[in-house]
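In what comes next, chain A is part of two complexes: it sits with chain B in the first one and with chain C in the second one.
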Partner chain A sequence: MLAQQLVNGLLLGGIYALVALAFSLTIGILNFLNFSIPALFMLGGIVSCAMLSKGYGIGLSVAVALAVTGGASLIIERFTFRWLKNSDSHIPLVSSLGFLILFENLVVIYFGSDAVGYPSPFGGASIRVAKLLLSLPQLASFAISLALIVTCYVVVTRTKLGRGLRSIAESSVISEMLGVDVGRTVSGMYLISGLLAGMGGALFGISYLQVSWDMGSEVALKGISAMVLGGMGNIWGALLGAMIIAGVEVLTISYVSSEAVNVVVYGLLLLLILVMPNGLLGDRAILVERM
Partner chain B sequence: MSGYATQIAAILIINVVAAYAAYMPLACGQLNLGIAGFMAIGAYTSAVLNGHGVPLGLSILGGACASTIAGLAVSIPVLRARGIYLTIATLAFSEVVAAVLLNVNALGGASGFVVNDHMSVAPMAAVMVLVLAAVVWLSSTRFGLCMTAVRNDGRGTAVFGVKVRRVEIAALTIGAGFAGVAGALYAHHFNYLEAQHFNVLLSTYAVLYALLGGLQTPVGPLIGALVFTLVPEFLRSTDQWRYVGFGVCIILLMLLRPEGLLTRRLIHDLPFRRRLA
Partner chain C sequence: MLLEVRNLSVSYGKVAAVNDVSLHVEEGSVATVLGANGAGKTSLLNAIMGVTRAQGTLRFAGQTISGWSSARRVSAGMALVPEGRRILLSLTIEENLLMGAYQRRDREIASDLGRMYELFPNLARRRNDPGSVLSGGEQQMLAIGRALMARPRLLLMDEPSLGLSPLFVREVFNLIHSLNSSGLAILLVEQNTRMALQAAQWGYVLKLGRLALEADTEELMKSDDLARAYLGDNTTAKHRLHA
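== the complex of A and B ==
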């Protein structure tokens, strides 16, 4: 029973980790809490769901969903970074809230306000391994999340784009002086975080077979908790934090009650930010320190 | 006034007071996304006091005191690390308050809590005017000047000997007190509380009213709350599209008028004002 719950938590954690990483990248590099990420997460789920119910294949549906979230994220970049340079630090946050309200209500208009079943071609297929019931789509989602996080780590630490990002995290003005194309680099970062959030939404649909216009908010709050727990701007921190948050959530549901989940998860977040604001693995490590 | 108009007026008054709760910390550069939590503390404290026979005015005062104390308790440890940490901490605080209220059966839990005394719109408006007067007075004092200075350049202000942390803590605490008042007004007008009402969205809207109205003058949040409460109400017939319009408005306003609707410059350019050289 305990093992089963822990496995469920682990699998849920994969999706939280994608969202946590999307938040973590924008905070680590631009010090900006991007509230449009829950909207992109939701778009990833809803768009792929709409494509699937029109009869397209799963590959094409997810690809279209990713194209939509990536494109939306680039538009958001224009309104929260490129055209807002030198503004007060709240302005991008408020604009991103504007996008959250905009996208959520557009989805309500076109898809309704009820939760929709996700017509996944894999359904609820599962296998049994030593008394543990493993859902195959959840397992696959977890593997994909893990692969994406590793890819993201490689991009940030080994590529030209990543070096640009790390230098912008240190100082945007100086990196521009040294020849980093700040506009394109930040666009790349928005694209990555948009794709991570969109993929998270599609994987959520495939794993839990339900999507709705407000699916983003709850997951986003858990993602923020995971990011703080692991350390803001820290890639492995996002993964570790997400595993712990999802584990705590699943264990609280099964051993206390489902109403107590929020008390425990957000209580943990509040306590952490008061006593250990740098998180478990250190704040902005990886992004800033290993230049 | 018709029932509909009364309802709108009540919501407007609560929104204005909540906008000032968000304005106080914003005026010195701190974003509090936990307004809903402080409102919930004010609302439930006032409702419980009232339920034990405390008169209406005193219960509202009690609610405001409780949320002020909560604001102080949150801001002192958190403001060691500012900015994004404060935003996330207040967000988490608000979620914890709502989740705890949902689980305490003595306060109705998930089924809600009935409040005794009813408060009509006129005394609510009087309370709102008091809050407004308090903010206008505060911003004319040295403390108000310090808040603006901290928002514009915290380090520079510290160089001039202002205790920046104290100013920030004071602003957040006073804001939390206002949120408590807003919550208490909500409790006594609608006479029914449910924990789910005090969610992130409520905090978000309070912050939006303040920012869209403008932080440069103490009247900004009033304008913001007025415009962004009444306009969607007039557009009610367009149903869901008005929220889409609201989202677009926020994005465009931040792009074109990042300082909000009401700026110093705008007041300066008003036709009946004598132009300064």
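== the complex of A and C ==
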């Protein structure tokens, strides 16, 4: 049933959008693809899962997961961006990739390589609206994702931190000259992207009731694709791209086959990039204009 | 003494751009640094602002600030109008002004913004447009307004008249005069020698990174030393001076 599949795609898209946005922030502001985002996404899922298994409440579990991913993101900043200033631009890329592999393998060592069930207190509760079956956790996750994206937009376009970030995106030297503490501001951005990715991972667990050490990698590919599709560095672009990618994914699974998903999704992405190299809403548009 | 620069040197690899320069700016005064292209004027100002690494001692308002971050120097009361204006093209005009107040935490930022719009009505009309819509002269006004938003005690200006129409050049120097009248100290780097000497009380001449001459601007205007020190060529320099 088409409507049901579209709704499923939309709800999945909310999580892709969080990951896409986490990538997009570092690309838009530092022009750097932060490969540790998938690790933070995974940690968000695994840590909250481990806390829930120990019997802690959902609120505390997610809060601890966010503290871990936010903290990890700040540590990663030390070894990526702080090196970026005086080194070849490939170094931070490689070191962020190193963090991805490190965190994934640490999780394999401590939690094993099998996917584990996510003991969400909400389970798979759902409601029926007209003929549609709506999963309540998925619906709530989507609402939270949307709220976080809007908040992020407001922070970037309307606050002092956001002005500082956009100023750094244009010129870190001029920003420093004007009195911006570039190091601290960039840390703030890493914290935000770490929280977005971590929240994405926890919401993934709550929505699909399963987490694993490699959950980040696949979602990250979709997130990067969504970001490129929507326009790198563009906040609404991340959301739009994620909706399209997730929609195409879900429709392909139900109308073609699950084996065809990647061919269709990435084939479509390639095609769109050829036609619109700057993405649907334009490259780095958060930095160039207010929407 | 508001600013005291002692034995300042800046080098880029093996190139010594500023070599053992000492100078000072009195509270409420205008001092000018003159010099030909490549003399090291920009390197000197950037070093004072803390955006370029330097050796030597810097004292500002009674404190030794060598080693301070630019952010800390801004909060101590310094602001730079950089060479080539360097306004943020992707931010709106109002956001550019607010960036000048980045270090401030007081409640008067909004009223200062209003004062800037009174000073620069051209900016007020387009406050929500991106900086890129402005002409060169208007960008210079924005760069000055942005620096003033920091509420500086010392304004560092790097060739503010460069590339401007005569009308805007006059406006820039009028502004320098009125800002100074209200008590702001200014360190002015210029290639427009004549106007800079009229605006300042004390002048320094840099030549190949070294201080070649310093004197009262009244004297500098009269003497031949300036011409000789400046370009090493009497006739051209004199010509420029009296042009």
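FYI, the second predicted complex is superposed on the first by the 286 of 291 C-alpha atoms of A that agree within 3 Å, B and C clash if a C-alpha of one lies under 4 Å from a C-alpha of the other, contacts with A are read in each partner's own complex, and residues count from 1 in each chain.
In the analysis below, contacts are C-beta pairs under 8 Å (C-beta built on N, C-alpha and C of every residue); 3 or more make two chains touch, one makes a residue touch a chain.
What you see is a predicted model; the values in this text were computed from it and never measured.
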item	value
Clash-or-fit label for the pair chain B, chain C on chain A	fit
First (chain B), second (chain C), both or neither touched by A:253	neither
Partner chain(s) touched by A:191 [first = chain B, second = chain C, both, neither]	neither
Chain B versus chain C as contact partner of A:269, first or second or both or neither	first
Chain C, chain A and chain B - angle at the middle CA centre, rounded to the nearest 10 degrees	90
Contacts of A:160 with chain B and chain C, given as first, second, both or neither	second
Touched partner set for A:58, first chain B, second chain C, both or neither	neither
Partner chain in contact with A:97 - chain B first, chain C second, else both or neither	first
Chain B versus chain C, judged by how many residues of chain A each one touches	B
Partner chain(s) touched by A:180 [first = chain B, second = chain C, both, neither]	second
Chain B versus chain C as contact partner of A:171, first or second or both or neither	second
A:136 touches, of chain B and chain C: first, second, both or neither?	neither
Minimal inter-chain CA distance - chain C and chain B, angstrom	17
Residue ranges of chain C touching chain A (in the complex, touch as defined)	49, 51, 69-71, 74-75, 80, 82, 86, 88-92, 95, 98-100, 102-103, 130, 146, 150
Chain B contact footprint on chain A (complex, rising order)	27, 31, 33, 79, 83-84, 87-91, 93-95, 97-103, 105-106, 108-109, 217, 221, 224-225, 228, 232, 259-263, 266-267, 269-270, 273-274, 277
Residue numbers on chain A that touch chain C, as the complex places them	160, 163-164, 166-167, 169-171, 173-181, 287-290
Partner chain A, residues of chain B touching it in the complex	26, 29, 31, 77-78, 81, 83-85, 87-89, 91-93, 95-96, 98-100, 102-103, 110, 200, 204, 207-208, 211, 240-241, 243-244, 246-251, 254-255, 258
